[in-house]
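Each of the next two complexes has chain A plus one more chain, namely chain B in the first and chain C in the second.
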Partner chain A sequence: MNFICNFPFFSILLSLFSGTICSVLPAKAAKVVNRAVIIVIGLLSAILLLYLLSVGEPFVYWMGHFPAPWGNEIRAGVLEAGMAMFFCIIMYLSMAGGAHKLYDEVDESKHNLYYILVNLLLSSLLALVYTNDMFTAYVFVEINTISACGLIMIRQVGRTIEAAVRYMIMSLLGSGLLLFGLCIMYDLTGHLLMSNIKASVGPLVANVEYQIPLIVSIALMCVGLCIKSALFPFHAWLPDAYGYSTVSSAAILSSLVSKGYIFLLIKIIYRVIGFDIFNSTRIIDVLFVFGLMGMIFGSISAIRENDIRRMIAFSSVAQIGYIYMGFGMGTQTGMVASVYHILSHAATKSLLFIAAIGLTEVSGGSRKFVDLTGAGYRNKWAGVAFTVGSLSMVGVPLFSGFISKLLFAQAAVQVEGKMLASLIVLGISTVLNAIYFMKTVIRIYTSVKDSPYESITFGKMKIHAITLMFFILLNVILGVSSQPIVDLIVQGLAMFS
Partner chain B sequence: MSKKKSSAAYQKTFAYRFFRWLRGEKDPYLGELEMKPQEEYHVSEDAILRREKEHDSILDKVYDSQHNKWLRLFHSLYEITSVLFCLFLIALLLVTVSYLPAVGTVTRPVNNEVAERYIENGLEETGAINIVAGMILDYRAFDTLGESHVLFVATITVLILLRLNKGQEDTNDRIFEPKNDAILQLVATFLVPIIIIFGIYIILNGHLGPGGGFSGGAVIGAGLVLYLNAFGFAKTERFFTEKTYKWVCFFSLSFYCLAKSYSFYTGANQLHSVIPKGTPGAILSSGLILPLNIAVGLVVACTIYAFYAMFRKGGF
Partner chain C sequence: MMGPNLFANYGEAVSAILFCIGFTNLLLQTNLIKKIIGLNIMDSAIYLFLAEKGYIAGRVAPIVVDGVTSTEAYINPIPSGLVLTGIVVSVSVTALMLSLTIRLYTRYHTLDLDEISMQLKKEGR
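Entry: the complex of A and B
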């Protein structure tokens, strides 16, 4: 076996271990360890991706001395390695962009706790991406949930505590449903390993055995992960959790945590249940309808919002709706569009959160639109970055959002029966997106005479501005060189089955 | 060609006035209209107080479920819906269970190969008489590694929530602790050593019989909590402070991580592992299971004690 095949295992263990190390380090050293670990894991994933592209087929890796189905196993393909690399990039940029805010909002003595949580969160995301075992996935879902709660409430004001409690209740309900589904699946098949479950589910479906438990199990797993990734009717926890937590947490939660669960759902669809069996159930129609509703109601809530952070948070509901609409189409192209949208939304949403904090900072810390008037002139970098993010969200060519909308539209055209609904809702949602994002952009570029707030120079927020530049670059790369990325996704999804 | 006007006549035309206005030389309203600068808006303290009072009274009225019919309706609807939802979920799961294969049938589950190998080859392959210990700490050690980090991250989150920030020390209520109870102290002197020794036995016996790190650690943690209740923080702080917790957790988890990393690495790369299996049944046997049980036990015991100490007084 090639030495590079060890890299997924190294990444997971390194981030777990660095969490333990950070607990005995002072805050500054913990910060260095945290950043270094993210960079190292990003590099390892990049090398792994190149290796997998040259080899052309995925590999499984025993976690222990026993082969599957007796021992644990992880598995790496192109999509997994690419996703891990992408998660590391977004996580590094989010941490760097929100670092100065962390000093303002979090007590100094709790900084190293924050880095522990981020390291453990990264390890759980990597485990969700690489795992080939349903129970391992569940264990790391637990770590993910608890550390996400910690990330929300580390800024201790009333709203974040309330948001964390809400998040915890909803998220635990989701974990519970996932566990129920898992138990039923284990009872039917006798396996926890993804590929073995798939091998036993196939005959069960073919012989029409245990239909009802099978459907219930699939439905419970889907609903559980939908709650955790804030699909429309289950999004009540989202606005406060994203809107009031410290900005790094908000960026990480919106662009990574919910995406980790969605990626797990994709793995379940492809590697546990089987794409065709999943599409033959009625569950995809439910996902489709909820996705469409989310696209519209999320945007309407965002339009009514008077607080920039909460507005961006509500926009997430709409974007998660897009992803589930892609699942609901039940075709390969719809799935590719959804995976691309995971990348696009992760890059754009964290950019918007980090840029919004730059704007609120030059408006006396207020997030109300009245105070934000002219903020784009006072902090030029944040203004430009916010505009880029908004344009990308609305779907202007050159940025990543355009490509994902194009892919969704292309996928919709090929689906019989769901074409009209998806195209119309896609159109309405784009218009609604434009309303609230352009409203904000116009607002921050409306000049006001003798504003009470001072403008900020490049030197004062150097790291913040550089981070924003990298975010813009990432967005443009995703938007301009979309074809190779889409090819990668197609190749990765082909490796899944 | 029209005749050129004299300048006096030109000044009376509309064009002259229009262009003059356009050049900004004269404001047609200036001096013609009565203008007053707006008074600056001053808010008096009374007005603020009045507004706050009004705001509060409106809130009171809105959230007064005695008189707000809609709120009452909403609450009752909310309760009914949640009860219906729970009943639906219960019914759904019961119906599902009734369709599952019956207990004891050959095809329950469809495949038995996993459980079969655990039972038949577990002793030989892991060296542990307790199959469960062999399963969680050898076959599926990666899951258990994750599980011990769940405990770790839970303590970190409780630390974030409950540890007092700097400058909040005066809210610490340990000074109000009741005087120690003589009966409790006497009972604790007898019980605590027994409880802790029993916990150690459960941990060390984890690979030989029922027990293991999680259960033994919980017993030791309970013993520590009893000791704390009987003798107060002044006594426990002689041997258990936040620093102790930090380092014990650090060393146990690091040992777990490193030891298991070695085992995963050798396993996956098909290398020979130097860890001996030992004779099944001996106390020093079954490879890594005993040290891992000790590490897990330490983490669990510290976690339980730490939870209690933080809930009691926001620190150790």
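Entry: the complex of A and C
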């Protein structure tokens, strides 16, 4: 076994360990350790990705030298390594872009606590991406929930504590359902490792045995993860949690935490249940319908919102709806579109959050649209970045959002029966997106005479502006060189089964 | 078919009912402490389910005494291990929820989540 095969295990352990170290370090050192660990893990994942591309097949890593049915396992393929690298990039940019806001909003003595939470979050995300064991996945789902809750309430105002409580309640409902589904699955098959469960589920379906418990178990796991990733009817906690927490937290929560759960669901679909068996159940129709509803109602809520941060948060609900619509189509192309949209949405939504904070800063800290008038002139960099993010969300060519809409449309055309519904809702949702994002862009570029707020110069916001440039670059890369990325996703999904 | 099955597996049936009770309490109660109690009922129901499934009447925990090594004599230890892990997780989550509840109570002097939301709206922040 090649030395590079240790890298997934190293990355998980490194971030867990650095989280522990951060608790005794002063704030400045903790920050350096945190940034360094994110970069190192990103590099390790990149090397792993290159290695896997050259080898062309996934590998399984035994934890503690016990073979398959007994030991715990890590498994890495192209998609896992690519996802881990992408998560590290987004996390680094979000932390860098929101760093100055962290100093304003959080007491300095608590900064090292923040870095502990970020490290824990990263390690749990990596574990969700790499693990091959269902119960390990459950434990890390809970660690993810706890650290995400900490990220929300690190800024101590009434709203964030209430949002954290609401987030915890919904998350605990979700993980309760996930755990129950997982236990039923364990009873049916006698295994906890994903590949072993899949080997036992196939004969169960072929012999038409235990059909009802099997469906119940799949449904419970799906609903649990849907609740946790804020699919449409379960999104009540989301606007407060994203709207009032400190901006790095909001960017990380919207672009990484919910995506970690969705990635786990993809793994469950492919590696635990089997893609064909999952598609033969009616569950995909339910996911499809709720995805469509999320796309419309999320956008409508965003239009009615008068607060820029909450508007972006509601837009997340719509984008999660897109991803579940892709699952609901039940085809390989639909799934590829969903995975691409995970990347595209993560890059765009964190860009929007970080850019929005630049705009509110030059408007006296207010998030109301009235005060934001002309903010694009006062903070040119944030204005440009926000415009790019909006165009990407609406689906203008050159940016990543266009490609994901194109992929969804292509996938929809191939599915009989769901084609019309998906295309119509895709159209409506695009128009609604355009309404609220273009409204905001026009608002920030409406010039006002004798504005009470001062404009900001590049010198005062160097790091923020550079981060925004990297975000724009990432967005354009995703949008322009989409074909290699789509090929990678196809290859990665093929490695899953 | 349902009747005899239900009677033979009454432990599992009870755990499913308890799960539903806990789930509805966690979802619908407005009092935070009652929500947390619901959470604990829900989690314990799952552990009851695992324990019930993991036990086979007449067998003992897999600790070899008197040199009996036949697998027929012992139960599978993994469900018990899962219950232990699960208990650790649910204890830590409960502790976090309780600490959040204390925070909210010292700020707003109520445990009612809806009332806290009303007060927050009034504050307008």
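Throughout what follows, the second predicted complex is superposed on the first by the 497 of 497 C-alpha atoms of A that agree within 3 Å, B and C clash if a C-alpha of one lies under 4 Å from a C-alpha of the other, contacts with A are read in each partner's own complex, and residues count from 1 in each chain.
Simple rule for what comes next: a contact is a pair of C-beta atoms (placed from the backbone, for glycine too) under 8 Å apart; a residue touches a chain by one contact, two chains touch by 3 or more.
A quick note: this is a predicted structure, and the numbers were derived from the prediction, not measured.
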More residues of chain A in touch with chain C or with chain B?
B
Partner chain(s) touched by A:D276 [first = chain B, second = chain C, both, neither]:
neither
First (chain B), second (chain C), both or neither touched by A:D487:
neither
Looking at the overlay, does A:F180 come into contact with chain B only (first), chain C only (second), both, or neither?
both
For A:C149, decide between first (touching chain B), second (touching chain C), both and neither.
both
Touching A:D285, do we find chain B (first), chain C (second), both, or neither?
neither
If we overlay the two complexes on their shared chain A, which of chain B and chain C does A:F135 touch? Say first, second, both or neither.
both
Now for A:D104: first (chain B), second (chain C), both, or neither, which partner does it touch?
neither
Both chain B and chain C touch chain A; at which residues?
135, 139, 142, 146, 149, 153, 161, 180, 186-187, 192
Chain A partner, complex, touching residues on chain C are 19, 22-23, 26-27, 32, 35, 39, 42-43, 46, 49-50, 53, 78-79, 82, 85-86, 89, 92-93, 96-97, 100-101, 103-104, 107-108, 113, 116-117, 119-120, 123, 125
Where on chain A is chain C touching in the complex?
135, 138-139, 142, 145-146, 149, 153, 157-159, 161-162, 164-166, 168-169, 172-173, 176-177, 179-180, 183, 186-187, 192
The residues of chain A that touch chain B in their complex are 1, 5-6, 9, 13, 16-17, 19-21, 23-24, 61-66, 69-72, 107-110, 113, 116-117, 120, 123, 127, 133, 135-136, 139-140, 142-143, 146-147, 149-150, 153-154, 156, 161, 180, 184, 186-192, 196, 200, 203-204, 210, 212-213, 216-217
What residues on chain B touch chain A, complex-wise?
92-93, 95-96, 99-101, 108-115, 117-118, 125, 138-143, 145-147, 149-150, 152-154, 156-157, 159-161, 163, 165-166, 246-247, 249-250, 253-254, 257-258, 261, 263-270, 273
